[in-house]
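Read from first to last, the chains carry the letters A, B and C; within each, the first residue is number 1.
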Amino acid sequence: MSVLRTLPLVVVFVPVVVACLLAVGGRFVGRAAPWIALAGPLFAIGVGTASLDGGASGAVRWLGVGETAVRLGYHVDGLAAIMLLVVGVVSVCVIVFSIGYMRGDRGYVRYFALISLFTAAMAGLVIASDLVGLFLGWELVGACSFLLIGFWYERPEAAEAARKAFMVTRVGDAAMLVGMAVLWRATGTLELDAILGGVGALAPSVVTVAAVCLLLGAVGKSAQFPLHIWLPDAMEGPTPVSALIHAATMVAAGVFLVARTWPLFEASPEARLIALVLGTVTALGAATIALPQTDIKKVLAYSTISQLGFMFAALGVGAWPVALFHLVTHAAFKALLFLSSGSVIHGSGTQDLREMGDLRSKMPITATAWIIGGLALAGIPPTAGFFSKDEVVASVLQAAPWAGVALLAASVLTGAYVARATRLAFFGTARGAKEVHESQWTMTLPLLVLAVAALSLGLAGPMIARALGAESEALSLGIAAVAVGLAAAGAIGGWLLAADGGRREQALPPAFARMWGMVRNGYGFDTLATNVAVRPIAKLARFIDEAVDRAAIDGFVEGLAVAVRRAGALLAGTMNGDGQSYTALLAVGVIVLLAVTVWLVR
Amino acid sequence: MTSLVLSCTLIGIGLYGVLTRRDLVAVLASIEVMLGGAQVLLASYAAGVSVPAVGEGITVVVLATGAAEAAIGLALLVALVRRNKTRTDQIEEVRG
Amino acid sequence: MTLTALIALPLMGAGLVLIVGRVRPSSARVLALATASGSLLLTVLAVTLPAAISTPASAAVPWLLRADGLSLPLIGLTGILGVVAILASWGETRRAASHFALLLALQSAVTTVFLADDLILFYVAWEAVLIPMFFLIGVWGHENRRQAAMKFFIYTFAGSALMLVGLLVVVFTTGEVRMSALTAASLAPGTHDLVFWLLVAGFAVKVPVFPLHTWLPDAHVEAPVAGSIMLAGVLLKMGGYGLLRLALPLAPEAARAAAPLFATLGIIGIVYGAFVALAQTDLKRLVAYSSVAHMGFVVLAIAIGTPLALTAAMLGMIAHGLTAPLLFLLVGQLQDRTHTRELARLGGLMRPLPGWGTVFVFASLASMGLPGLAGFPGELVTVLEGYGAFGWWMVAVAGGIVLAGAYTLRAVRLVAFGPLPAEWAALPDLTFPEALATVPLVLGIVVLGVWPSLVADTVAPVASSIAHALGVG
């Protein structure tokens, strides 16, 4: 273990080597691919465990001239160790799950190569001790996410979703780049220790600008309003990928980034307020959108957005260890839910809730796993979600009551959508056409592991707080009771809503049905973004291409060429072949030259 | 001064002939008149400066050139006559 | 003397290829590849063993060539691309021997530009580059090749004619032809502005700086694949090299006064190139406009002028010199199969061409500046240093970076992803020579992205001295 503690870079290099190996030798690897791919995450777990009380650090000069240099380094502190554990455990579960889920896919080896590359990038992101390394991992996980969302590239929806996810997060990344430039100018370094240690010496405006820029990056990555639109579409990727990247790890990187650069946010109330407002809006808004979804993965996608909103709200009130606690428990139960839904999709051949029903009798293990995950998501004791969500709500209520109330409302909705989805999928009468079967052991085993985690991680709160060097929060029983009561009430509402296999929803009065549809479409925000940003940019691009580049600039160049040719033709007209007129011109020329010479000499 | 006026007059007459006459023989003759004008000027210049033989020398060179020019010009003329082109407006090979 | 060999070897190879091509046309390409590989080997020697290229210490010995931190990365790039270009046209059948001979001659001329220490030799080599390129486009190009070749030739020639005047002013007012002996102090104060702008006229067209870029897409679209590779890879770099080698050190005050203008044009180039690329329907034109955007970064970095930014300019040039040729190579390989570059007709090519598709996605990610690949270090440092020099303009640059993602991903989406049209279902994947041609570029992109110091440490001393002359270092 001590070796792992002193050599944490294995968490990056091992999976990179594995990815290269799988990419190059894919033909010979075949069915062994997942087992090889397990190496990276296992090392991540090892290093994470060994470094909970702090681990090694180091740095090299990456690029520079003389004294001015960008350095690239790593530092495994408690925060990084916790993240490594999250990444490692979820990755292992996902890889094992994928053995069965991806069986027979023609991109089998490619899939595991990409997953391996992703774990390398994610590990690099969390152990980076400077913004360059962090950004490197940050963008590479985005690239892996792009390639994995578009894994089934022939489906237009998947190809489109992959592009959209990369583009939207890149907007945030560009802001992050500017934030790095601001910090570079102010401090002359990108090393986190130096920047964060010297925050006090920086002008408040610089700190705020930098913090807001970094926050924008986090908002893009963590799919917070208004950059949340990519995550629901990202569900086009294979479901285990959704569990790993779009629920447990990459989307939580935004929360990690804010936690990592916390001193900046501590010194900037403005940036914290923005985080609080965006987080609260997202938590509540996404929870409402999750309610009417008919696609089981879309329910989970909006649920993820909503839960990340909870974490951002906690960050906004300064409770970053609490946000991180929720990140950890959320990673467990949301990965559990996603993998359960993957099992459901694998077993029933559909992801439409309306075509499911009564899966509990055919898929008992999956159903149990899902229900445990659902309870944790709703925050029902004694699951892990109960503890972390209670801390989030309590800390937000204390600092900003309006936001706390909004989060409580979101809790009600959380109970409602998870109960609705549960009843539609696992209870009532079977509505699917296909023969349903329970999944094989490689798929159910990860479910069990994650279920245990989702049940027990609540007790890990003090341990996480200690690793982060923060005080662990005591359970606030009053708020907990209220929150659980509200969530239970919401769950009952959602349960009733899902009666008769969803027919009750279809029998709504027309006005209400229209609103239901609008909410299901995410309040039409996607269309709005297309009309406000995507279309005008495309139109502007075509305008610049046609009117400015081809017509004006190249038109001028070509016009100049034509003008020269015309002038040539004009002058050629004087050359009429008559020697005497040439001589006349010559004579005139001589006289003019003589006159000029005489005039000059005079 | 007189020689200058004479020279200019000769060159002017010659130029007029070169530009207006359509007959190639006449054009050649006019060129000779222009050359004569130039020689007059050179000779008078030679008389006016102390350094001897410069103007005279050049005049002799111009005379020789004129003779050569006349010979080549006439040879070209003969060639053109063989192609039945003795008028300047019939020659269009130098068109741009 | 190694330096002379770097120039002489490909030139002699060109002659040999022509002669051998008469006798045994089939051997021409093998000989060409051998020559290019030999040159690459020599280049590697020259780059790794600086002792082998040390110039005579005595000033009495006239020495026409020299290699320093500005030249070495670029001749290295030229050496790599020389091999790649020949592999890229491996299947060329129309007058193959002449084609390969011209490529080698081009390599020789470009190497001379980067190595010349003599202003007159520099100019002669600069113009000599045009000739093989003119024929490569005009003879082996596509439908509109003649017009594109003429446009390329006249446009760049007009620029370099002005540059010649500038060089002559330098030579006649100082009486010195060796670049290494010239400094800002050797020029009369009154001539600085004149010299700067005359030189810039030649360099800016070559880079190309917005709005002097419209020859580029035409030339690229019509050029054969090897021509595009050399054009994007090294010919554009001549402009940036000239700015760094001559314009900035000779007239630093004029350069500093012009910096805001250059920064503005660079930023416009970044954003504008991205916008125009976004609107293209022809894949090759799209890549061509991405070159405009990437060279905008180089112009911006030069305008910033700090040692780190000038290093970033070189990094950007080398990175673009690897990614753009890779993209052009891939587009050429695609066109050999589909005979079209229309985005609307392509799609789903990952399925029939997994090898090609993988490299295409890789090249696209590199082109959009993904960290870990070649484009990132230069762009990152340009933005970092640019914020210090030009402040919030970097937001526009960041916007350009987002747009770069937009057009690149659009290309990936429309070419490699999506449903596969039935007509492309049976396309064959890359052959061995085709795949081999991509290897040096792919490796270079990864190495430079992971370890930019490899180039940066070579450039740094020169960058520092230029920045010092500019008064910002």
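The working rule: contacts are C-beta pairs under 8 Å (C-beta built on N, C-alpha and C of every residue); 3 or more make two chains touch, one makes a residue touch a chain.
Bear in mind that the values here come from a model prediction, so they are computed numbers and not experimental data.
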Check your understanding: In terms of CA centres, which chain lies closest to the overall middle?
Key -> C
Point to revise | A-B compared against A-C, more contacting pairs | key: A-C
Exercise for review: Provide the C-alpha centroid distance between chain B and chain C, rounded to the nearest whole angstrom.
Suggested key: 61
Study note, to complete from the structure: Distance in whole angstrom between the CA centres of chain A and chain B is 93
**Study point:** Centre distance in Å when chain A and chain C are each reduced to the mean of their C-alpha atoms
**Key:** 35
**Study point:** Residue ranges of chain A in contact with chain B within the complex
**Key:** 572-580, 582-584, 587
Check your understanding: For chain B, which residues are in contact with chain A within the complex?
Key -> 15, 18-20, 27, 88-89, 91-96
Check your understanding: Which chain A residues qualify as touching chain C in the complex?
Key -> 61-66, 68, 70, 132, 135-136, 138-140, 143, 146-147, 150, 153-154, 156, 158-160, 162-163, 166-167, 170-171, 174-175, 177-178, 180-182, 184-185, 190, 537-538, 540-542, 544-546, 548-549, 553-554, 557, 561
Practice item. Over in the complex, which chain C residues touch chain A? Could you list them? Key: 151, 154-155, 211, 213-215, 272, 275-276, 278-280, 306-308, 311, 315, 348, 350-351, 361, 365, 370-372, 376-377, 380-381, 383-388, 394-395, 398-399, 401-403, 405-406, 409-410, 412-413, 416-420, 451-453, 456, 460, 463-464
